[in-house]
């Protein structure tokens, strides 16, 4: 604790200090601005590690609670209620890490309006951190909605050619879901006379009459964000058009906000509805897995391929969530982290390639291994992790999910797991095809002959992710120790609650 | 003493003639006169009920309304004169200078 | 309803109309004679004794004149305009009391047609209507002179109507009633002209302008506008305008006398009610004489001065008069 | 006959002060040479400030004056302050803008002050005739102000349209008042209420009257089927007046609507709620969808104001429920406050950029704003986000409170419409942001900095207050306690 | 009520009859020999030039507008005068305020030149 400020507050709002600090630079002082932003994000990461240090892993409950009375809207309090459990802690760590990595990745990629870029980016970080620590529905909603704006700007200003279209689509799609969620939040607040998550999770019985609708309202918002199958259409556009750092954050963190929302709100607040609708959600998840994989396979653009792979991978997360076994749930949470790392890594690599060649078409590459061996090697690691090769993090996450879903008492069918397993195979196919087309074989294009290999900075950008890939892949126990208590409690409360009524 | 319904029916007729005038006629001056007709329909209702209730408050209201109507006449006339000087027409259908 | 009462009203109405039209006829003669005398002439004295049949001759002459309707005139309005002008003039004095009550063939007959409680409002509104006739006459003639004359007349009349209306306020203020009967009764001991001379002067000036009399006869200024709004009128239609103008003269004199000069009040009027109409007649005659005198004496106003006088002098003066009268009423009247 | 006492005047002191001030300015301005009209502007601002001071001093006091013609309560106090502040904004916005357009005439300020006094009286009117009179007092100056740029045809047309439809709505309103008088024999609220409660009122006539009143007010606040004048008038009027009208006129209309319906027709709520529902839904849908097609900022803001009228009306649909009625009013009030800041912010940015002789900026004209003028760009951004209702703006809290009230009143479908139309609105508001930030361009701030100052103040207000909305909530909630 | 106004209505009817009677007499006895020159609008003997009714100078509108406003103020004086004695000083003060406001408007109109006939 620094100077008595609550660590969660400190982590969440420290990036704002960077924003403020950057304000005093002139537009031309690009280097200073970049360094300030990087240092800010690193300090934030350090602060999140401090939170980790203070976290009691065995305790499944909310920890480090902070409750500051904030708004009182005609007798209905909205508090600044923050706190973390294992899941949110992991998400916070993921966010702070990926933010630093993303900022480092922009060093040369972003040359235009660096000052605004960094400010917007740090604002986004605060917003995302806020989403993960909020324990008040309205507070959560505020952070949730707030993240849209910086992302809108990231895509709209620094994005690719169709950035305007993509930024609008991103904003409107996600806002559509969250508005319906707002309605549900209001309904909940007025029914229970509180917006506080801890209280609400005790009062879930109040919502039984309307819980299907409430569940769907929340699910819509989260499913769009995740994205689940028919609601994913914004994602390829946003990912492809966003700048590299934006894609990394979008895939790495913002998609997790959706999955996190399911875990944090849908399950504990509407347990019966969750259990009842679980097969449907699982069906959508499986469709997402297969569909995402197939479409990814058909892509000619690397970035689009990675984007569709996200749809597929997040399908695993969703499947794990709605399998409701502690195992599947832990797998999901871990897979959230994994996806953040490996897809984030892939986007970074795509960004690096694009910086060198200003194209992302598979056809323009080929045989890069000979020219840029370091980049190729690191890419291979990330690709394999994404494909779920044993020994990497992807394997651990997906395997746990599949295992959990086979044993699910809610889904009651091995088909889900079986079809999802097909997704794993497909992932290996399209990822490796991609790798082969880009890095292996003869050098097809003249321009590829003189590409520079990775700079030290780029290595440092990818290095943390590589480390994590192997850490989780080889020794996941640490992560499970964070996840398991929380998840077990979650699974048991949901299932008990669901059975209580049946 | 005529029953109050006579006055009310007359007032309603006046009011609707006024409304029709406003909606159908194109000359701003006639629209304007239709508006006055509507005001006076309201006045008639006031006076009729005022007599019915043997109370003065309705008639006092009419007093105020007349004043206000006069002010509106003044403004309306002034506006029409100005616009006629610029445009040489007070046809409301030709007021289409403004659009998106 | 009492049939006798209705007959009484009809008879009274007829009397009023006769007095008015007859008065009109002889005021024309009166004016010509007086004017002539002032200009050291003799005036018409051939038709009948002292020219007393001259108006009849004029009337007969007008009857046999050809009436023209100019091309492009709005025929209906052109025909109606004189009627619209003359009717208000004829009926405006309906609320003026001529005296108290007399016993006529065993029946108590009040010497007034109607004594309504908003007589002043009645007068104001009826005089306003006569403006329409003039405006419409000017507009429907399709003649530039008529048009201008009509407009000028309208502008002038409405401008001076303000002062006229405010001149009424003093007597009402003092009496606490808008009934002319009450106003006259209140002047039993003291004519209002003494209490509020300013109001009287304002009334005199405004009423002159109201009936387009010299020096406010701009609308008909023959040198500029040939004959103003009735340029195109001839024959009996012209006669109607002519009639309206002179009847209005009688009307404003009568109202003015009632408001400020005690109306029918005079010595012994209580004892001998028949004196009432006589007193009123004398006052009106004097008033008319004054009007003719003014015509003989004063030159015509320039139109811009006329308007400026109405707005910049008479209007503020009227406001001052109201305030002064009100203060006076509080201090004196109790 | 009860004579007015000093106390009566004391209760409407802000209005009295303002009216006297306006009259004095009218006189003083005659002797101020054309080159020094800023004296008039400063004087009128001073009058508004003094009047606001009086209003603040009276804050918390309640009472009725002039034989129940007007009441002073929290509701009227809050709105009075809102009107006065709007007036200040309108003065500030006009200052450079009028000079730029060579229309720096002193009447602007006098008329503005009269109009504001009318609005204040309207918010405290306790008698239908008073409602009508104050409505006219506020409208008539605005008719002139709308045509203030004569002989520019756009301005004149705006004025004539506004006038004809304004008078039309006044006539309908008056006709409604007449029928209510016929039904109850009273025009003062307590009298009408007593008559209704005593069962002496003719229900049919009352209903006719209420319906006509609703139509009349509908015109004034510019909800859907009665909105025809809104776009043309806002576009053709001087921009500073357009800004003022979108906020203050609307607020005044709502003030009267809220009070009249809440006090007089709680029993008619079942019928009225349906109509209000329809008006609200139609306005939200119509305003927001038509706004999409607008490329002229003024027209866009006009359609947005139609939509916003629909939003405010939404809170009021369940007004018949006494538990929610208070909430409805305070949420409407809060939304109005938020909307006022937002709308002024948006208009101010536009006015800062609007060249002379313009009919309003096109959206393209904002291109490059964010880069060239970061402060103004930020103000525009914040205003637009607040219009959408994105968190960390007052617009968010406004919608939040509004939707909360509506959900509380079981108006879920209506809230759904509100939410979905917000989404639609996000499209066109974001398009403005897009032009300002994503497109290159060289906008030019016009000489004079007052409009920019207003823009930045409003934006700062929208942003900063969104962190501490509680005092504003409480302000809005407590102030209406004294109502009825 | 009706008794007060019925005589006036009788008078009005009779006056109308009289008015039309005069018209009819003129129409009956007057000769009717129209020619083109006679029927032309009179223009000092010249052949009429241009339309007879043309646009009205804006000054007349101004007078009309001012008249409406001030006339309505006059209307307020009358009932005030009737009840003046009952209200006493209060009425005086009220009227002074009223006149004061009126005067401010009057001064404004004057200074703006609306009262100048040119």
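Per-chain numbering from 1; labels A, B, C, D and E assigned in written order.
Definition applied: a residue touches a chain if its C-beta (ideal position, glycine included) is under 8 Å from a C-beta of that chain, and two chains touch if they have at least 3 such contacts.
None of these values were measured; they are calculated from a predicted model.
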Reaching chain E from chain A through chains that touch each other, fewest steps: 2
Any chain that touches chain D and chain A: none
Interface with the most contact pairs, given as the two chains involved: C-E
Per-chain CA centroid nearest to the all-protein CA mean: D
Length of the line joining the C-alpha centres of chain C and chain E, rounded to whole Å: 14
Where chain B and chain C are represented by their mean Cα positions, the distance between them in whole Å: 33
Distance between chain centroids, defined by C-alpha means - chain D, chain E (Å): 40
Separation of mean Cα positions, chain E and chain B [Å, integer]: 20
Set of chain D residues in contact with two or more other chains: none
Multi-partner residues of chain A (at least 2 other chains): none
Per-residue overlap in chain E, given as positions that touch at least 2 other chains: 64, 71, 75
All pairs of touching chains, each written as two labels joined by a dash: A-D, B-D, B-E, C-E, D-E
For the chain D and chain E complex, residues of the former touching the latter: 1, 3, 23, 26-27, 30
Contacting residues of chain B [partner chain E, same complex]: 63, 66-67, 70-71, 73-74, 77-78, 81, 85
Touch list for chain A against partner chain D, complex: 70-74, 76, 113, 138, 141-143, 145-146, 148-149, 152-153, 156-157, 163-164, 167-168, 171-172, 175-176, 179-180, 182-183, 186-187, 189-190
Partner chain D, residues of chain B touching it in the complex: 8, 11, 15, 18, 22, 28, 31-32, 35, 38-39, 41-43, 45-46, 48-49, 52-53, 55, 57-58, 60-61, 64-65, 68, 71-72, 75-76, 79-80, 82-83, 85-87, 90, 92, 95, 97-100
Contact set on chain D toward chain B in their complex: 129, 132-133, 136, 140, 143-144, 147, 150-151, 153-154, 156-161, 163-164, 167-168, 170-172, 174-175, 177-179, 181-182, 185-187, 231-232, 235-236, 293-296, 299, 359
